[in-house]
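The structure appears below as structure tokens.
In order of appearance the chains are A, B, C and D, and numbering begins at 1 in each one.
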Amino acid sequence: MSVKKVLHDLVVAKNIHLNNRHFILELQAPEPLPGLLPGQFVQLLVNDSPSTFLRRPFSIHAFDEVNNAFRLLIQIKGEGTRHLSHLKVGEKLNVMYPLGNSFSRPPGKEVLLVGGGCGVAPLLFLGKWLKEQDVNVTLLTGWKRKEDIFEKEAYQQCGEVLITTEDGSEGEPGMVTGHSIFKSGRNFDRIYCCGPDRMMKAVAHIATRRGIDCEVSLENTMACGFGVCLCCITPTNHGNQRVCMEGPVFSIKELGW
Amino acid sequence: MIDLTLKIGHLNLKNPVMTASGTFGYGEEYRDFLDLSRLGGIVVKAVTGSNRDGNAYPRMAETPSGMLNSVGLQNKGVDHFVKEIYPVIKDFNTNVIVNVSGSTIEEYVAVAEKINELEKVPAIELNISCPNVKHGGMAFGTIPATATEVTAAVRKVYQKDLIVKLSPNVTSIQEMAKAVVDGGADIISLINTLLGMAIDADKRKPVLSTLTGGLSGPAIKPIALRMVWQVSKAVHVPVIGMGGIMNATDAIEFILAGASAVQVGTANFIDPAVTVKIVEGIEAYCRLHKFSSVKELIGGLNS
Amino acid sequence: MIDLTLKIGHLNLKNPVMTASGTFGYGEEYRDFLDLSRLGGIVVKAVTGSNRDGNAYPRMAETPSGMLNSVGLQNKGVDHFVKEIYPVIKDFNTNVIVNVSGSTIEEYVAVAEKINELEKVPAIELNISCPNVKHGGMAFGTIPATATEVTAAVRKVYQKDLIVKLSPNVTSIQEMAKAVVDGGADIISLINTLLGMAIDADKRKPVLSTLTGGLSGPAIKPIALRMVWQVSKAVHVPVIGMGGIMNATDAIEFILAGASAVQVGTANFIDPAVTVKIVEGIEAYCRLHKFSSVKELIGGLNS
Amino acid sequence: MSVKKVLHDLVVAKNIHLNNRHFILELQAPEPLPGLLPGQFVQLLVNDSPSTFLRRPFSIHAFDEVNNAFRLLIQIKGEGTRHLSHLKVGEKLNVMYPLGNSFSRPPGKEVLLVGGGCGVAPLLFLGKWLKEQDVNVTLLTGWKRKEDIFEKEAYQQCGEVLITTEDGSEGEPGMVTGHSIFKSGRNFDRIYCCGPDRMMKAVAHIATRRGIDCEVSLENTMACGFGVCLCCITPTNHGNQRVCMEGPVFSIKELGW
């Protein structure tokens, strides 16, 4: 039973630049927001960007039900995201939401969240949601170097935060997949993972080997975002599925990873 | 009161605005955004003889004022359509038209025969842009004789309105239009997508898994308008125009060029409620320019 | 040092960036904005047998990510070109290529013969998109046999590099490419403009005096890329790619698709210095991606 | 002998909204401007307007050599001009200039300038330039109604200002072509005219009948603006001429009006 999707003009309540490639957009609704779930995403219409024809999808990074607001964590990749980074407080943005399925409740109380780069976006919302359900959250994030790390404090409110940096300037050196937590023998009821495909596949591989349940969130390129164009499909063990409808969250078993 | 209704073939349209196949699913997903009964018709996505998985991902590339797709007719086949989809969509209070596709003439005929039995489907749209497996993969719609042949074969088994949808990837669209009229088309719709390609310079790779794909969106509007104008001069059957329609002004341009009705495709992805806005915009245009019926606009270019 | 030079046919290019015919005048007007000697070549506008006034105003319509034009080969004829223009442009320190157009095969031949005498013109570009008056106005470049015929006729009288420029308004661009190679083309350039139309909804009139015109600009890039890719697979002569190139990334996409060189058209109107920026951008790309020569990029798509 | 054309990023020094359809952009150059002449125009690149592909041409409305600035008077017609109307002081705009020929020196000391609607744009610059040469300028402008009139004081600094309004709310009622000045027997050495084609043709007709020399400024649609595309041509008694190079100013004799 899915919530009705809506198209709203939301107001930019905050635009926080984390560094020169990442920023947070806080969008506020005049009317009560529909219920939003971790893993869901929105489709933004980017105005005034000649090379941005289609909407742009972004995961919900945080949800503030009291203030009728939610946040997106955005990495500047091309013209569309660059334009969004210049938005000023008070400007309006046409948003379609809520889209996609969501991360599911874990089968137990010990979970590991793994995020690489901007893949951390949905994990903050997920971490808070899990914590509210008394799940014990450990969050592992990978970065290039210490200076790139952002929002550590926010994540620490959800649980323990582990870090890897490629240059070793903070936490363990190397990639997330090399982190000692995977060799520690510590068990998890589920791993939730988000990031570049290659990283997710490597984590899925570890999870499979260790027999841990694992959900990943895919970011296939999308034309519509609400299930009608069939452009975003991924092969699963029950045929091609739409990442924007049956996903973006899939269990690695469905994906055959 | 502005009269937006019109009749093309035996189809009674509330207004000239329909949705384009492959961009509107089976209508279901749009119900959150608009009241389907406000549309002149919806053309549901391609139905083939049996299940097709479609092409591999990636299937989409954004291009200047447009997009390429290579979905590849993904659908569960005509029997699934008849059993599972039809019962849901048959009571939409609008014309539900089925886009019929195939790889062989036999497949087209088989699908058309089964759709012919569906009481609440008043017309099919024959998508002749599909590659003909018996003809080295050249699309049915790029060779006049083949286009006539597939149209005539379907005509034999299909009793209701037969819309044939032309491919724009041809030297002479007029010739193709005449070919499908010769085959028995009641109505012509055009244009399907233009064959294009996108390349990722950094990765030095084609963006689409299939290398090439179909170009749609405003980028193709000038070509679509030209073809609609040429076809409406070349044949006497009604024409449904499409290609890059984003708003009411675009729709009116197609009607002025000679289309009786229009279809809206890619624009639905950006604004799923756009079709209703287009209906309202056409009405506003008629009011402003003092036309009492949208029929007065068809082919209404001053010179 | 990145090597941007290349040889196509007998033409030595400093770099793969040339200008497209009809968008660069005779080069003169661009001297305020750039140093012509930095370009691989310039293709001057169409030269015909005698004076042509071109079409009536309006000749231009802006379209989504593109424009339509119906200039119609306005020029003062080949004798005027030889006497008045050639002396001015012959000493531009770049390849000056003449775009040859006509309404009959005889006219093409007559122009090519006269240009053949011009020492400092190393090549002509045969524009076969022109309507053939003896063939009901169908363009030479839309019928393979006619394309072969006009190419072969010109080949007989023209000794230097013969570039034939293909029209994209065809069902099979590969077939056209083979047809002109059969006729003796040394090099193929493509694409010319796509036939399109623009309508002013408020005035209920076509925008162009000629009703239809040629579409150019980024809107057509996906179609152009696809055709360049198809042609470079179908024939063995070098290909010059164009259609919607606005920057170095676009140019590199064409080279990856199989073009040896590129031409830049409409983009010059928006930024008259864009060609030099594209040269610099290609060099920067080679440096970044560690190619020592631009030749390594030609047809260099990974799969 | 034409001045070299340049492409510069100019700074918006002022954006003065005259009413809801007209505004003045003052553009300032960091370096000395080339000499600009009345009747010449510029081509602006409109950024961030998805439906504006080509540059947009505008006549030079005023030239402030001391401050290295010039002004454009712009009417909002479509997306391009709407975008320009939102420009903020300090923003940059890529401009190609100076383009086209210019109004020529009059053969005597009595001239009439006739402008309709936004056609007044080049006439302010022209009026000042003529006045500096001790030419006696009379300026006749036509408007829909009194409320539409703008910059009357500025024009009055060049000479006498005559007005017609269609509803008669100021000056003489009707169109400029019906103004009593044309029946007054007063003679002019030249009429300079700018506005919609139909108005210019009507003025040209009066001028021809009265044997007065007349120059008009055309606004044909343009792709390039610097002579290479051949889209902007107008037929003249010496063949098709480019409005952006041989024009925009033509004598009505050349045009055969």
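Here, contacts are C-beta pairs under 8 Å (C-beta built on N, C-alpha and C of every residue); 3 or more make two chains touch, one makes a residue touch a chain.
As the structure is a prediction and not an experimental result, all values here were calculated from the model.
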Distance-wise, how many Å sit between the C-alpha centres of chain C and chain D, to the nearest whole number? 36
Inter-chain centre distance, chain A versus chain C - centres from mean C-alpha coordinates, in Å: 47
Roughly how many whole angstrom separate the Cα centroids of chain B and chain C? 34
Expected list for chain B, residues touching two or more other chains, is 61, 63-66, 217
Mind pulling the chain D residues that touch 2 or more other chains? 50, 52
Among line, ring, star, complete and other, which one matches the pattern of chain touches? ring
Give the pairs of chains that touch; include all such pairs. A-B, A-D, B-C, C-D
Where on chain D does chain C make contact in their complex? 4-7, 45, 51-55, 96, 220-235, 239-240
Looking at the complex, which residues from chain C come into contact with chain B? 61, 63-66, 68, 142-143, 169-172, 194-199, 201-206, 211-212, 215, 217-223, 225-226, 229, 244, 249, 252-253, 256-257, 285, 289, 300-303
Write out the stretch or stretches of chain B touching chain A in their complex. 22-25, 29-30, 32-33, 45, 53-54, 56-67, 69, 71, 74, 217, 266, 268-273
Okay, in this complex, where on chain A does chain D touch? 48-50, 52, 83
